[in-house]
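Next up, some structures in structure tokens.
Two complexes are shown next, each including subunit A; its partner changes from subunit B in the first to subunit C in the second.
Presenting the complex of A and B:
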């Protein structure tokens, strides 16, 4: 099956007063149709920048595209111009992190959904204006019902502040699904929510995506949420792809030292969590070679000189490391 | 991790009984239109040297509880005793000496440093206010504390922007420790942190507790963190305690239906996907309009008619308390 989203060798920098900030460095990523891919990493590792690059919403004057391409459904999203414009919001939609800040507080939910549908929802008759209001409203109500919002008609007449956080995120998911996209980019959709609501929203997102065959690119720093929802997990570190693996292999048998340490940082009963000393390097002055080398316990000379290539191990498990952790290796620390 | 609990129970350092805090809800022309019952009939005690976790979803009153204990809010009903002395009750004005014994740590303690003060000045300030010590004595004390939190002495002459965020957090904690508090209330100290940073922060909390013989009240919504650091845990829902007990016991055998749902909702790596059979629906109701009887009954899978009529009290079996009308029949 060919990939729906294909990112290869993507490098990207922002112009700043202190020189270029190399935020993404040779990123490789592919999302197949109907697949849920988790994009995991600490804050400042470039998750959100990558999501915005795919959507084509990076600040134009400030972004320098070094190399590589992003192809979504065959269209180049970085240099696509009009073609990319027609894809954004239709083939690819977005669920934001903060459902509190993503609605216009002055308009009713119904108005905001109608605006979205006027521009982005598929029109069977090919007409853009008039005659659609009824059909749009029915479609919106059906979708609000699908995201399990009680009394969808009453929700349409409400203002955003009258809804709770979980309800707002449900409306956001409904709005992301209405244009019948092939890919949804969900940028930390549950970090602002409580655990019981998070469980409901993650379950909903996964079920709807699977039912409709929609792919989801799910960025998160919560490894538990990634375990819940993903088919495949991609780990980013400081703008580089560190590891790509199917869900089970990723959690049971992480190969990259960074991934291993990230998993060992999770608090668990019966053992003290181990942190990762140091911090994510500044994109203005990234270390040479593998960007994780200043914090890595397995570092050697080659790590400082050469950037490790993303190499396949077994069963679609890709690791970019000169000294990957083998399955039976001892723990990295004592 | 946890200390053995079997030893002789130490006396209660903090004793909270029947604590309530209500806020007026005001409508048109500032007229009182209702009451937000943020905290209702909350009783528990914290033993010396233990870490008590307070968990619950947003709006359950856990921060209000912390702030009421701290004296930021005055209780509407009930009393708080610290080491035998009453420190809060309706209408009581708090003595300044209590403030030195009880400290409150916000989400990012480093953010409360004054950017225009050197770290030395920030660390001396609480001592100037609360003690009559000479400058030399204060300096000696500050240096000892700075060493204990793992900061180099040379940092004392720097300004907050010159050190990293993690070091700022350490200075913030040092500032809290200089007064030699007995009880520290942490309010969501790890939310918004990456797991790699969170692990080091938790280890620091743990070391400081051992070194300074501290007692912690740990308010958090993160169950995994609470499980790893707390000896006992209080689960709150809409301003009331629903379950209280030893952390290991509450997590391994939760008895209140809310605690069960809360634990079931947290993803477990390696376990089955919880989202596939998660049953709890909806969100907590508005705290200004709480349901009659048991406050959880509107979402509870076990709710019966009696739940709407009787407000369940916390019933204890050994030291595991549950506020549910049906827990005995469920346990049987």
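Presenting the complex of A and C:
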């Protein structure tokens, strides 16, 4: 099956007063139709930038594209202009990180949904205007019902501040689904919510996406959340792809030392969590070669000089490392 | 419900505010080192005649008694008699208030129609040449003396080009007074000639009056837009592919205008103060011109009446602004 989203060798920098910040470095990523992909990494690893690049909403005039391309449904989202604008909200939709601030506080929920549908919902040919108001409202109510909001009609008449965080994020998911997209980009959709609500929202997002065959690219720094909903996990470190693997293989046999240390840093019964010494390098002065080399226990000379390519291991497991963790070399420290 | 209780709350405060205003107006009128009885009695009056006048107007009583009498009179709609025209002040104010109101309303309209779009453009293109040019223009718009500007307009458009009348409110027969607003009355009477004349007379004074108000509107709208344009809700709508013009002119504008609407009361104060000068220059038969004449003649009943009238108007406008504010922003009504 061909990829819905195809990102290849994407390098990207932001202009800053201190020089270019190289936020993304040779990123490769593909999302197939109907697939749920988790993009995992620490804050500042470039996952939000990547999400914005796919949506085509990077700050104009501040972004330098070094190399590569992003194709979504065949459209170049980096240089798409009008075509990219048309794709946004129609082929690809968005669930934001902060459901509190992402609504306009002065308009009713119903108005904001109606405007989205007016411009982005699929229309039967030849009836672009008029006669849709009623159908739009019915569709909106059905969708609010699908995201398990009680009394959907009453919700349409409410202002954002009258809903709880979980309710607002459910509305956001409904809005992401209403245009019948092929891909939803969910940028840390549960970070701003209570822990008890997080699992509900993740489960809902997964169920609705699977039912409708919609792909989801889900960014998170929470490995537990990735385990909950993803088919495939992509690990990013400091703007580079470290490891891509199907969910089971990823959690059972992490290959990249960074991934391995990331998993070891999770608290687990019967074992103390182990932190990763050091910090994420600044994108202004990234280390040469593999950007993880200053913190890696397996570092050798080649890691500082040559950027490791993503190499395929068994079972669709892709790792960008000169010294991956394997069955023969299990110990992290060599 | 919230909105109603807010309005009730403001209405209750309306009464003490007016009482305070009365006290200030009264005190000021008694502090002025002019004996009103002496003035009223005339230059050649004897001491006995002056004393008689004093008793007739109650100036011989203690100040608190005079104040209570004054409050009682005002409550009954009796603002006293002009010492020069011997007409009840209320009649004078009633014939002149509509003229000022008409001029001020048109000035507000001009200020909003010019100021809001320019403010939005400046906010969107911050620090562009347009923003810089308009910053200079708005600062000078606030700094330029309105009588000077008024006379420049008169010189250019009336005396040099002869496009517009020099002064006054109407040529020929005025339409049957219904509302007192000349333009509205002309429309009601279906008198096209009177309407044209009223509008032609209105342009120069209204523009003069609108200039500083428009400058204020531009600045507040600009700052409002700048405060909103980088908000998460705009980022969300952009990512969801809402058309740019809908985001700006519907969603951002309403958020930006909450700041501007708060300033409407202030703007109205600027206009009332400006009316005193503008009406005098353009010989506009409104409250401002009346105030100037009354002050020059030391007709202190008339001055008190004018001050009270504009003061009450100002308080009332601010009440309206609060109500409008609460209607625009559903969160504020608490």
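Note that in this section the second predicted complex is superposed on the first by the 324 of 334 C-alpha atoms of A that agree within 3 Å, B and C clash if a C-alpha of one lies under 4 Å from a C-alpha of the other, contacts with A are read in each partner's own complex, and residues count from 1 in each chain.
We take it that a residue touches a chain if its C-beta (ideal position, glycine included) is under 8 Å from a C-beta of that chain, and two chains touch if they have at least 3 such contacts.
This structure is a prediction, so every number in the text was calculated from the model and none was measured.
Aligning the shared subunit A places subunit B and subunit C next to each other free of steric conflict. Of the two partner chains placed by the overlay, neither subunit B nor subunit C lies in contact with A:282. Of the two partner chains placed around the shared chain by superposition, neither subunit B nor subunit C is touched by A:16.
By the touch criterion defined above, A:93 reaches subunit C but does not reach subunit B. Vectors from the Cα centre of subunit A to those of subunit B and subunit C enclose 80° in the overlay, to the nearest 10. With both structures placed on the common chain, the touch criterion links A:42 to subunit B but leaves subunit C unconnected.
More residues of subunit A lie in contact with B than with the other chain of the pair subunit B and subunit C. Legend: residue contacts after superposition of the two complexes on their common chain; A:198 is shown touching subunit B, with no touch to subunit C. Contacts of A:116 after superposition on the shared chain: subunit C is touched, whereas subunit B is not. By the touch criterion defined above, A:300 lies against neither subunit B nor subunit C after alignment on the C-alpha atoms of chain A. Smallest inter-chain Cα distance, subunit B versus subunit C, after superposition on the shared chain: 7 Å.
Within subunit A, not a single residue is touched by subunit B in the first complex and by subunit C in the second. Across the complex, subunit B meets subunit A through its residues 1, 57-58, 164, 166, 194-203, 206, 221, 223-225, 227-229, 248, 251, 261-262, 264-270, 273-276, 278, 280-281, 283.
Against subunit B, the residues of subunit A that register as touching in their complex are 42-43, 164-167, 194-200, 202-203, 206, 221-225, 227-229, 251-252, 261-263, 265-270, 272-277, 279.
The part of subunit C that touches subunit A in the complex is made up of residues 231-233, 235-243, 246, 250-251, 254-255, 258, 328-331.
Residues 52, 55, 57, 85-90, 93-94, 96, 98, 101-107, 115-116, 119-120, 159, 161, 175, 185 of subunit A are the ones that touch subunit C when the two sit in their complex.
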